[in-house]
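Both of the next two complexes hold chain A, though its partner changes from chain B to chain C.
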Partner chain A sequence: MPGAGLVLAGVGYRYAGASAAALVSIDLRLEPGRVVGLAGANESGKSTLCLVVAGLAPGVIGGRLDGSVRVDGVETKAMRPHELAQRCGLLFQNAATQLSGTTSTVFEEIAFGPCNLGLPGAEVVSRVWWALRAAGIEPLAPRDPARLSGGQAQLVALASVLALRPGYLVLDEPTSELDPAGTRLVADALARIARETGAGILVVEHKTDVLAQIADEVVVLERGAVALSGPAAATLADPRLLALGVEPPAAVRLERAVRASGIEWSQALAEAIG
Partner chain B sequence: MTAAGSAAAGSAAAGSAAAGSAVAAPSIELDAVSFAYPDGTRALSGVTLRIEPGESVAIVGQNGSGKSTLVRHLNGLLRPTTGRVLLDGRDVRLTHVARLAGLVGLAFQNPDRQLFAGRVSVEVAFGPRNLGLRGPALDERVRAALEEVGLTAEASTNPYDLGYSRRKLLALASVLAMRTPVLVLDEPTTGQDARGVALVRDVVSRAVGDGRTVIAISHDMRFVAESFRRVVVMREGRVVLDGSPEAVFGEAAWPELRAAYLEPPLPAVAGARLGLGTTPTEAELVAALRAR
Partner chain C sequence: MIPADEEALLPAYVRRILAGGYRSLNPLTKATLAAVSAIVAFGVRGWTGPAVVLAVVLSSALVAGVLRRMAPFALATLPLVASILLVNTFLYPNAHDVIANLGPLSPTWTGATAALQATLRVVAFGLSAALFALTTPIDDLLGELERRGVGRRGSFIVGSALGAIPRTVERAREVVDAQRSRGMDTEGRLWRRFRGLVPLIGPVLFGALAEVEERTMALEARAFTAPGRRTILRALPDSGWQRAARWLLLVGSIAAVVVSLAGVVKLP
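Entry: the complex of A and B
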């Protein structure tokens, strides 16, 4: 598709009433089927960027946007919220914020979005099961959404976004509350969704091990601007990463600790941490 | 307990709290604790656990394995369906919540379930004020707690103008300000950047150094291996492993660990592959490589 992709050019954003800009001249490109990881210190602008990409800022919460955000060639400013929601799905950082609070089972909760799109019943049902499977939470279908553990709630919130089948997914720390197995489940699901559905995925993640596994590219923010960006492996091994508030992946850290101790790096060591 | 009794318990807690960390940490004992939520979901099944004063204990396990439910029994937020929770041998059912609040501080996983004030300093002052502190003593508590989590500059900020990660540090500060002899942290490092994780790590090591008991739920195996001397692994409401990081992350325990949907930290895996024994932390792996 010509112009396909989610493209930010010179994007700046200031919250209503704020004295300083939260984002400064951001250029970013997310292509269909690709995974871009977004990292950076707390309050470096990651969540704000998610809101801007998904059109909630300034669309819903106000504030001032400079520059251009285009989804498949169309300015998001020109789209109505429900149009944008179908193109670009957003998963909030705090899963409790995401859940509707109006449903009595997880199945209904995930059906909430597709129902609001006015889809036929059979289509809603098939999407809900697909999303439950993709998130690995089929057994939770009959459970009360208000009585889930933190990690379970996060997976339900993810499934509810997946059920909308958006072309682009913006995920703000989708694994923050998850155990290692849940984290791997989500990481595998995201890689598969990008590959099989062609969705472009922008994912904020402090766990750089996850980004090392699934991201094609990584962008690191500092005080609202892009400090580092490039292919995932190179960016995650950049010596400036820790100073930017981002813990390098475990393998990168371990190699550095071994080298720093004066022990010679060997193939056997590389294989042991690989 | 009568109203007069309750006031007495409150002022007793305040008196000891005002003296800093004068209260000795109580021993904590869970005796065959089972708990089911009102909808019938069984969260704990016969958990028996004894934690001595001054221990540092990480509780790990799959999402939904009962970790949060377990720690909510320690300050009386939840009461066992069957079994008993004892602090210094005394059933928490018989202990007034005001006294429990002075003994066991719990920082929630989701800070938004905990925060309510319009100013960061008021939020942090709430706990110690309820313990009876006023004036300069109270101000000092607030100042010290905010400094410990790096929020000194935000004392006048509305908590909801802080990002999620700093709201979480604020929730931690509110609990630290109580100076309880037992500190319980539910996933303190989630959502934190490298600096935030380092802050939390320092909070834990300071508290342990002060002789307080620290119990933390975490999925961050590096944090667990580096900051705690004991690891309790939960699966489906039961304790399935309980020992030092060396024991729990040692190769012999991996099958049980993986059955609980957990992975040993990378240094432990690398150490085992290299035949170096159990090396749960980077420092231990490097030391073992040097000694080879």
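Entry: the complex of A and C
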């Protein structure tokens, strides 16, 4: 059923040997071309949800999955990891462990996935150039992957996942180890990828300013369950956010501070502040 | 391996052919040279074996332009070399040609000669391995192994093991810095330095294990376990004479060891 999106229905997950469930009754839908932000305190289940959506839990790491995870109508349980990698790409926090460590140039690093699929050479080359353009890192192609900045390495890891042409991307805190410049690079690339490639993106992010910039919807997890969800602007302005361990974006905090000081908050003021 | 017309689509920095006589050899030829160096350095009696290996390795390094970069590898053999020199010079069994009496210790000429010979073997082997590592990119070696039918898992294990060495060294350095910032003394006497190593073991070992799990998942996310043969982007130069040379070198080195051990030819 193509075009059905990435759909989680009543998903629960328990790690092998764990007494408590890491995820409880999660319902979530990701449409192509949309960006869904995932926030929550540490240990709230965000990274686990990423592994479940990408099929690595329980596919690779074991554990028990309840409910249904479907990618374009196909149950992830029915797919092998390499098949799932072509439908739903996963980017981890640490770019250093995501790169193969066995290539001499960024071009070859990005070609690693397509080469694993045994694609014809011309197709591999075409995919690599496409992924480099999509991530906005064409000038990095000849560089040694081991000698990149954190932001550049994360973008190379992102392009490496994109080269498998997945319809959906799951990104686990892609900016957590980056400085403001690196964060801006990655956030701009994600917004461009969602807009230009039509990929659906599920992004875990502590930096709510990034979510405010790129997400259409935001889901907040607490103890493995959905505590808040809805359009990004409304969810990120929800007064319960702080109690859930998530700091609201700077714009929301500023608005609250202005209101608290007795100054009338208007649309014109918001636009003037930017 | 992709056809020649598709290979032409690759950028020049991917199609790269390593320049220089030694560098441009096929990775298997370089691996064979390293293996033969080990066989000859340790298998041929006397000074001839290790001396020939050392001469060939140093001249190849000069041609390949990596002579200076081999210095750290030579330094890395120092602890082993020091122990060989001490043990052989002072404790060589049944040697009576004493150089001098130093209290309870009596270094002997026989022991010193054996020590120098063993040192030459270790250094020759160490430098031949260094020459191979410095002139052979990991991906070239992996591509060549896969082209020869070694499974992608097997070849990746070789490559990632080689790649893991600098990462582990880097992590060890970070842990040492962290321990120092917490007041641990890792400088000075040998015993202090050794004590400083103990707290390294846990973080480095567990860090490496955690990294293995993350890497495994990352590889799965990049279709590493897809069935069938991987695409190999570029062919590395190989030729009839290199194939013949590999076999000749292997057979020749084994023959040299046999002749040397049998005492058929007296070598210095």
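FYI, the second predicted complex is superposed on the first by the 258 of 274 C-alpha atoms of A that agree within 3 Å, B and C clash if a C-alpha of one lies under 4 Å from a C-alpha of the other, contacts with A are read in each partner's own complex, and residues count from 1 in each chain.
Just so we're on the same page, a residue touches a chain if its C-beta (ideal position, glycine included) is under 8 Å from a C-beta of that chain, and two chains touch if they have at least 3 such contacts.
Quick caveat, the model's predicted, so the values are computed rather than measured.
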(request) Return first, second, both or neither, reflecting whether A:N94 touches chain B, chain C, both chains, or no partner chain. (result) both
(request) Considering only the touch criterion stated at the top, classify A:A234 as touching first (chain B), second (chain C), both, or neither. (result) neither
(message) By the touch definition at the top of the document, which applies to A:L269: first (chain B), second (chain C), both, or neither?
(response) first
(request) Report for A:T105: first if it touches chain B alone, second if chain C alone, otherwise both or neither. (result) second
(message) By the touch definition at the top of the document, which applies to A:D144: first (chain B), second (chain C), both, or neither?
(response) first
(request) Look at A:G118 in the shared chain and tell me whether it touches chain B only, chain C only, both, or neither; answer first, second, both or neither. (result) second
(request) Using the touch definition from the top, say if A:P81 reaches chain B (first), chain C (second), both or neither. (result) second
(request) Indicate the residue numbers of chain A shared between its chain B interface and its chain C interface, in ascending order. (result) 94, 96
(request) Spell out the part of chain C that touches chain A in their complex, as residue ranges. (result) 2-3, 6-7, 9-11, 13-14, 16, 137-139, 142, 152, 156, 159-160, 163-164, 167, 211, 213-233
(message) Could you list, by residue number, the parts of chain B that touch chain A in their complex?
(response) 37, 39, 41, 60-64, 68, 109-110, 112, 163-166, 187, 190-197, 219, 221-222, 261-263, 265-267, 269-270, 273-274, 282-283, 285-286, 289-290
(message) For a test of understanding, state which residues of chain A touch chain B in their complex under the given definition.
(response) 40-43, 47, 93-94, 96, 143-144, 147-152, 155, 173, 176-183, 206, 242, 245-247, 250-251, 253-254, 257-258, 261, 263, 268-269, 271-273
(message) Please output the residues of chain A touching chain C within their complex, sorted ascending.
(response) 51, 54, 56, 59-61, 80-82, 85-86, 89-90, 92, 94, 96-98, 100-105, 107-108, 111-122, 124-125, 141-142, 160-161, 164
